[in-house]
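Shared chain: chain A. Partners: chain B in the first complex, chain C in the second.
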Partner chain A sequence: MSNEIVLKGMGTSAGTAEGAVCVINSRADFNKFKEGNVLVTKITDPTMVMIMNEASAIVCDIGGITSHPSIISRELGIPCVVNTKEATSKLQDGQKIIVNGTTGEIFVA
Partner chain B sequence: MEQQEKFLWLDEYLDALQESIGFMDLSTLQPTSWRHFQPLIAKEWLDWLWNIIGEAERQKVSYTELAKCFEPDLCREHLLFVTEDLKTAKWPIEKRLKVADFFYQLLKAQMPQGDLFGLNGSTKRHSSLAIKQIINEGEFNKGTPEIAREFGKLYNSAYNLGAALYLDFYMGKAVENWGPYDLGNGKILVIKEMRHLKPTEIWPNVNSKCEKIDLLVIYEGVKFRTDLIACHTQYEGDVISGLKEWKIIIDGKSVTDMSIIKNLTQNLGEEGSRQWIYLTELPEEQLLEKAVWIRCFCFDKVCDLLSLDWRPTQKLLAAVKGKTLDEGWRTWKQFTNKDEYNDYWRKIWDPREEFYP
Partner chain C sequence: MKWIDEFAKGSFGLFAGNTIANFQPIDFYRFFPMWYDIWVGRIAKCIRALDLQNKSFKEIKHLLPTPSNMRAMLIKIIATYPAWREKKVKDTKLVTDFLARMLIECCPKDPFAISTNPFHNEDEVKKIISNISLSQSEIEDARLLGKLNTAAGSLVHGIYNDVVTDFAWDVYGPYVLEKDEEQYTMLIRHFPDLNPKELWPLEFLSRTKELVIYNLYQGVTWEISAVGCHTISKIGNPVEGMKLFAVYGDGKLLSETEIKNLVVELSEKAEKIYKKIRSMNFEELKEKVMLQVCYQLKKLFVEAAVDWKPTGEMIERIKDRPLPKGLLPNDIMMTSVKQYREVFNIQKFEDEVLNSR
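Now for the complex of A and B:
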């Protein structure tokens, strides 16, 4: 893959997916989420169930192999990268990215 | 010497625990972790549990009968929790070993295929014969990627409702994955059970549309493993294209209509979200009380079997009064070095060791 790497974290659910970033900082942000977006947040929680179900991939600032976003992504069969430390500050709404849940790399699409 | 040999299983248990939760970042557990909560009630909890163990002995109830009152994951998790409590409360070694052995005996009765602590990546409640019967009963449906995605969403909704009902750490009450059961020809069976989804005993206002879901999935070209915590599922291979056959039973009824499944996903997801908001907005004192209720509820069936009241005693509830989660957390030493961390926790978890927080 020759695209520019924008972030690297821990890949915890394998596969790659491309989509537009949607940064979720609070529940007030939920209504801007569209099906196929990449869910970018500090860490997921059960209020995000419905948007997780519509996400093409999940990227989090913190977390590990057995954290909430990792477990759920593996069941949903979508890529997940956690422990990026700065995804919510570095990625912008609408930015097109490619998430590689195997290597933990996130590229500009 | 005989005593030492009797507890050799603890070595495997420690290895399994280290693999499962070693160096886990507990800050991702929300709204709190068991290491914040449980030290606050360790002494009172052990007294409560000791009464159950003693009553089972007095009534001469076999481990086989007792084991039916728990799911394996619940046993594994409560063994972990209690081995930490035993050190917090500084119980003497004889009692520590007896409490640990109680859960070990239950696990032995529950898991005929071994790997009691998931060290080898499995959680197998069913014997080989039971699996043959399940497969021979038939009525499996053909899998497609679309259906696999819907099941992922259903699991997600039920899982999150479970976390909202039982906190992140007593999830064993709600969700468990069994397998992998090797079917030959590159196929495995995994059984996902989502249960106790409408516990009005602890949450009177919960409005889930079902109590229990059994999802049986046959994958091809997919490897599956869990660890000591059976909702810590991991896969190698594509779970979407790898789903070959499936069967789902909702509250005892076999369901094939995907619209029913989609509606249930919606209901459980919304209920989980609502419940989570309610849970996380509870004042700390109420959250602590609720955590006591939830922990006791994990033992409801065994209490019923022994004609005991599973509901928390006044002594248990009083134990959290005026305390804070931060107080509980300060029980433990904190580490940035992984080896030091693992050394510390292995000594805490090992009831044979005279090592205390």
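Now for the complex of A and C:
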């Protein structure tokens, strides 16, 4: 893949997916989430189940292999990258990215 | 019995590339030392009262939680032991040796889930396959079951938080088996208690208490590690590779419509309970976490005629007190078993407790 890397974290659910970023900082942001978006947040929690089910990939600032986003992504069969430290500040709504849940790399699409 | 080395290898998976600061809703590795000595002493009392040292897993399995839950209990006892107020060496040795023996008996091929969680033997797997009603799986079915797992798992994360998630969410296998001359790999996802009325009001709980999901795959290689309840597909796509499935709620086979309804119910309850948790203050959270921990062994305590709930002495230890500092580093990522053994006090525990006379 020759695209530019924008972030690197820990890949905790394998696979690759492309989608537009939707940054979720609070529940107020849930309404802007569209099916196929990449869910970008500090760390997911059970209030986000509905939008996680519609996400093409999940990217988090913190977390590990057994954290909520990692476990859920593996069950859904979508890529997940955690522990990026700055995904919510570096990625912007609508930005097209490619998430590689195997290597933990995030590219500009 | 020398089990600690295998235990260290298996439990390292839970922390590899992780920091303990990620656990929710409070830093329980700092919280447990405030009262764990009393709780472990009470477990020892139950073991002695029921003479469990001399009983096999088969005889008492109805009193015990899932294997992943027993592994997680060991981790928490061992890691926090050095900071306990009272070092109950004999009780602690009795309890940890007992849990380790139960794991060795119930999962003899991989007691500490280094790469599998083989809770059933070959005969039991055959019996399961002949007793369940399997359906062919299309990609849409696999996605629906992914959503069901997500919803049930998220409700578990609400009901039990990260504290004892393993109590209500285990995965057994992978079991390689043959059915109708085809070879499959089976995972059994088990949610044994989605309805603990002792912990939360009914409005937050599922109407279904026990959920069991049988997934049969082809072309997918699975690993189950990190205490046992965590699945990782090493080769193949779990959605495309799922070929047969069955979902049972409280022993009843669920139809596609019932599964869809359950996904909605569990997702809504998960959201509701987590909002409640977020509204709780620090004192309420401490008491709730203590209750969640004690609930794990309710059946055992009831059998031994010992009150399973936190005692006044346990509650007094935590009331209006901050969490102690400095036991385990919050921000250091675990990168090797050797580092993990040192940071999580495993060597210290072996020297002080397991090797004690």
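Note that the second predicted complex is superposed on the first by the 109 of 109 C-alpha atoms of A that agree within 3 Å, B and C clash if a C-alpha of one lies under 4 Å from a C-alpha of the other, contacts with A are read in each partner's own complex, and residues count from 1 in each chain.
Note that in this section a contact is a pair of C-beta atoms (placed from the backbone, for glycine too) under 8 Å apart; a residue touches a chain by one contact, two chains touch by 3 or more.
The structure displayed is predicted, hence computed values, not measured ones.
Partners chain B and chain C, once the complexes are superposed on chain A, run into each other and clash. Look at A:53: by the touch rule set out above, it reaches both chain B and chain C.
By the touch criterion defined above, A:6 lies against neither chain B nor chain C after alignment on the C-alpha atoms of chain A. Once chain A of one complex is fitted onto chain A of the other, the partner contacts of A:109 are absent, as it touches neither chain B nor chain C.
By the touch criterion stated above, A:20 is placed in contact with neither chain B nor chain C.
Judged by the document's definition of touching, chain A residues 14-15, 43, 45-47, 49-50, 52-53, 62-68, 71-72, 74-77 lie at the interface with chain B and also at the interface with chain C.
On chain A, the positions that touch chain B within their shared complex are 14-15, 27, 43, 45-50, 52-53, 62-68, 71-72, 74-77. Within the complex, the chain A residues that touch chain C are 10, 14-15, 43, 45-47, 49-50, 52-53, 62-68, 71-72, 74-77, 83.
Taken together, the chain B residues at the contact with chain A in this complex read 20-21, 24-25, 27-28, 30, 148-149, 152-153, 155-157, 159-161, 163-164, 168, 227, 229, 231-236, 238-240, 265-266, 269-270, 272-273, 275-277, 280. Note for the complex: chain C touches chain A at residues 13-19, 21-22, 24, 142-143, 146-147, 149-151, 153-155, 157-158, 162, 226, 230-233, 237-239, 267, 270-271, 273-275.
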